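Here is the structure we will look at, set down as structure tokens.
When the chains are written out, they are named A, B, C and D in that same order, and each has its own residue count from 1.
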Amino acid sequence: MASVAVLGAAGYAGAVAAALLHRPPVFELEHVTARSDAGARLDQVHPRSRVPLVLEAPTTELDVDAAVVAYPHGASAPVVAELLERGIRVVDLSADFRLRDLATYERWYGEHPVPELIGEAVYGLPERYREQIRDARLVATPGCYPTAAILALAPLAGRLADVVIDAKSGVSGAGREPTHTKHFVTVDETVTPYKVGAHRHSPEIAQEVGVPVTFTPHLVPLAQGELVSSYVTPARAVGDAELADLYREAYEDERWVELTLGPPGVLEVRDTNYCRISVHVDGRTGRVLVFSAIDNLWKGAASQAIQNLNLMFERDESEGLE
Amino acid sequence: MASVAVLGAAGYAGAVAAALLHRPPVFELEHVTARSDAGARLDQVHPRSRVPLVLEAPTTELDVDAAVVAYPHGASAPVVAELLERGIRVVDLSADFRLRDLATYERWYGEHPVPELIGEAVYGLPERYREQIRDARLVATPGCYPTAAILALAPLAGRLADVVIDAKSGVSGAGREPTHTKHFVTVDETVTPYKVGAHRHSPEIAQEVGVPVTFTPHLVPLAQGELVSSYVTPARAVGDAELADLYREAYEDERWVELTLGPPGVLEVRDTNYCRISVHVDGRTGRVLVFSAIDNLWKGAASQAIQNLNLMFERDESEGLE
Amino acid sequence: MASVAVLGAAGYAGAVAAALLHRPPVFELEHVTARSDAGARLDQVHPRSRVPLVLEAPTTELDVDAAVVAYPHGASAPVVAELLERGIRVVDLSADFRLRDLATYERWYGEHPVPELIGEAVYGLPERYREQIRDARLVATPGCYPTAAILALAPLAGRLADVVIDAKSGVSGAGREPTHTKHFVTVDETVTPYKVGAHRHSPEIAQEVGVPVTFTPHLVPLAQGELVSSYVTPARAVGDAELADLYREAYEDERWVELTLGPPGVLEVRDTNYCRISVHVDGRTGRVLVFSAIDNLWKGAASQAIQNLNLMFERDESEGLE
Amino acid sequence: MASVAVLGAAGYAGAVAAALLHRPPVFELEHVTARSDAGARLDQVHPRSRVPLVLEAPTTELDVDAAVVAYPHGASAPVVAELLERGIRVVDLSADFRLRDLATYERWYGEHPVPELIGEAVYGLPERYREQIRDARLVATPGCYPTAAILALAPLAGRLADVVIDAKSGVSGAGREPTHTKHFVTVDETVTPYKVGAHRHSPEIAQEVGVPVTFTPHLVPLAQGELVSSYVTPARAVGDAELADLYREAYEDERWVELTLGPPGVLEVRDTNYCRISVHVDGRTGRVLVFSAIDNLWKGAASQAIQNLNLMFERDESEGLE
């Protein structure tokens, strides 16, 4: 059984990753680390995780087969480099290795701490890069918005003339650090667009779907889950039947992507690794509407990381995710 | 002082209209009616209304100067006809007289009960039809989605090549009738698109903005308020400065439309007649993004009705709405 | 492997019971029934259940070893009688067989449909009646409030002079039937006491703790979960250390009752069979404060039913509940 | 017209006070101050306040007739002393001058910064101390819990043998400072007791109702509003009719206290100065149950401050509060 560590386990996604890895009999979770809560037990910080391990101070001096790194963007890359050097395979949850083009990375995030590793990283969306993930040393798990958007748009690859993406996310997507923006009284009873025209996930989506996208996230008053509404102008007209075929072919063998007749609600996939997708043609305009729902902490982060780990260690991709 | 009645005052929008009309010294609220709760006092059914009037059984035999009709679509038209016949001026909150084209109406709603009145009705958006409203016998107050969408798009009239509208609405927008869809447990912690490709508000928006629109509403877990995100492909490129000018010119004299620098949240306009709008250019695609927030029960229904009544009875448009 | 049916599987508790029983390899879930949604698949009515069985019309002509009956009070008893007659062992989720005293039952619920079965029913709180449950034909699973209250108070049995219970429950506790009371707009942003001085759960609590209680439930705006705050005047003064001993002794061998140092929040036990309890002495008044949190649909209904079934069929009590 | 300042106007209660004072024609709001947001306009920090004044850095060098001080406990007293020295009458929202007994103050809060002012302060609950407030230089507005609890219990003064108070409060009661406790994800979908056995509001309640109380607050997932459930053992038995008389007599002339037949919900008094109270006898135990609902930021703080200001400046007590 492969031994693993979760670095940054006090954050929301890190805690879910630790909880999933702690379930028998998939992996052996040997270490959890955290900056702010080191010394506390993880199940005191996150009772629902039910992981009784003590959070250790951040370190890379670990003797494990693999690590999930749940660090903020920028902070992750140097740690990932150290882990790889020690022979530890890494699933990174940050954005540090998701963009394949260094110039694009630098435009959005500034200088890259370890640019030489970019070429090696595999984009950790199993539905697209399953084979490459199996052999990877470094897997860059997609962000929550790209996961839902790319799964929604992938079956239309090559047919996209123009894409508008309007995303609605629960508050855990904004992280655990207390801020005015995440204060209950700020979020409750409102909907707010944020990072209009400038969200860092848009180049990541564009990289995978092949065209620029107009992407706008909105904060909605719920804890967990995310709905991505994609409005596609197809390069040429596409009918209902053809569309249904495209999506069925793309996903009929995928365990974690479900096509639904009516539009999915995010609650349907809460606490699961599922992505639910519905696709529709707007008869009057010919536009294609795709709605995709995921749990931002699961398929949008932690459970997708486990899916990747399963692939990397030759286990059944779905083990521990039911 | 003009005397008024509110028909259908037990619904959410009707109750707000009654509460606003009950405030001194604007109008004299003489009657409130309701089907299901007749006999109860309005402030028992809706404590926050603080209107101590008894809800009467539905009737049009009223001796008042004006009536606000808050009936469901289809049920409103015959009642409106009766009221007009008695010489009562009407502000209708239903969709029955909003569409100017009978064929369009019939495609979306079926046969019209009183088609001969369609030509006479004035579309009750004061920011666009102020003069016509003053003299109208029958004012058809826009729905909540069209109000927010049209105010967002009107300054771009004639420049719109293509419009995608993604709306997020609180649950009161779906009415007071208990259904599975509005059960707390159904709505809580989720976001769900509804009436995909077929919402009856889209022809109303198209009528006013002059181009077909792709309109998709989403239900979000909050009681009151609505955000409309409009993604516009302009007929020709438009810059930030030009855009800002267009919107400033359109709204600098409008008391109830506020332009904001950052995108507005719906809580900012809760329980008010304000519409807050921000406009942005997406530098990479040239697309124009417009976000507009209103309270669906106020500017999207009841307070806009009062704004119309004020105009019809030669009062200051804003009286009783502060 | 024992075969089971869930009757009334379209309700919230019934659906959770079906979901838990559908998990391999505990029981073989062979039938699910429902009145209103018969013909639909359970995972269409309750997507999160992920149970692909078709809901059958209500029937007791079933060939199974056991049945979970999730019917409303009064409707359950006759069905339970029929099932027992067919040799099917029953875990009942209604109140029909919880009260051991017929007169008390009749005071609160009216005439009992099958009074001759009352004597046979075992009160389905495993932490108190484990041995009797093993051999029972009919187990009456406690209501959600009694479960949390009795577990909170049981260690003080014989020492209670007076008890005030103030309970706060999520909306799923009120059932799935759409009503004004459960409309999102009614529940959102408020707290409301209900059934003041007259909740049917108080005699059930009194029966088990041996003294009358003042019990008041409150509806709070969350979907699932329940906190019971018990304020106890002890028959004689009790100190912190003695109190801690009493509770530790009572629960140290109980897998599903957890003592916490600080007061528990209901989210900590969401979607689990756990009851979390903290106990405190108010130094100035000598009063004992006990806070207990459960998930009303799990330990307060469905997962406790599975715990009972496990006992009845000689399985490990916790199987399928992790 | 009296001129006023609000010190600490960026907090939730301070902002509501400023908004109410900014309404014509009650007072002339001349200054608003804040530590963290100095330099910003108040309506940018709190859009719903609609107060366009710029927040000034904290100062007491003000030329106004009165000041509302919305500072944290301990920070308020020295500022209050300075203001009084300048001849400015003060309504203080902190706890610094609410307790009349210095020893009690010091047991709960530590050393008092300005003990010599304690004797002069009037407890700012108009329903009890109306006459004293009129002439006061310094009014200590009660906390939100004491306001609701004291109004609930006052009619029973002299008849109370024992009182348990279980309070449920929205999150704004905990202040605007971002913390883990107030993070949306922490509060959403849960109920949590806090400060068990040690809340600083209990001596304040005890001071006013004349007996020690067991007081436990709970945090519930809503922004604004508070329900206080009081469970009273009366010194001698009291019947329904007698009870109804006591409360009617106490409150029939009070504009802002409303007796309701059924228990009140907190939403009914949202954004108002009302306190709604219902009172019940539990037939089996003789216990008296009193439920009181207020808006913690209004009657529990800001609007009650205005009510006090009105009294101090010989205005109608309710002016500007409708």
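Note that in this section a contact is a pair of C-beta atoms (placed from the backbone, for glycine too) under 8 Å apart; a residue touches a chain by one contact, two chains touch by 3 or more.
In this text the structure is predicted, and so the values were computed from the model without any measurement.
Using the average of C-alpha coordinates as each chain's centre, A ends up farthest from chain D. Comparing C-D with the candidates A-D, A-B or B-C, the pair whose contacts agree for more than half of the residue-numbered pairs is A-B.
If you average the Cα atoms of chain A and of chain D, the two centres end up 45 Å apart.
Taking the mean of the C-alpha atoms as each chain's centre, chain A and chain B sit 39 Å apart.
Rounded to whole angstrom units, the spacing between the C-alpha centres of chain A and chain C is 37. Shared contact sites, meaning residues of chain B that touch two or more other chains, fall at 188-189, 221-224, 267-268, 270. On chain D, the positions that touch chain C within their shared complex are 162, 164, 166, 168, 170, 188-194, 196-197, 212, 214, 216, 218, 220-225, 227, 229, 231, 233, 262-268, 270, 278, 280-285, 287, 289, 291. In the complex of the two chains, the chain A residues touching chain C come out as 47-48, 188-189, 267-268, 270-271.
Interface of chain B with chain C (complex): residues 12, 171-172, 176, 178-180, 182-189, 221-224.
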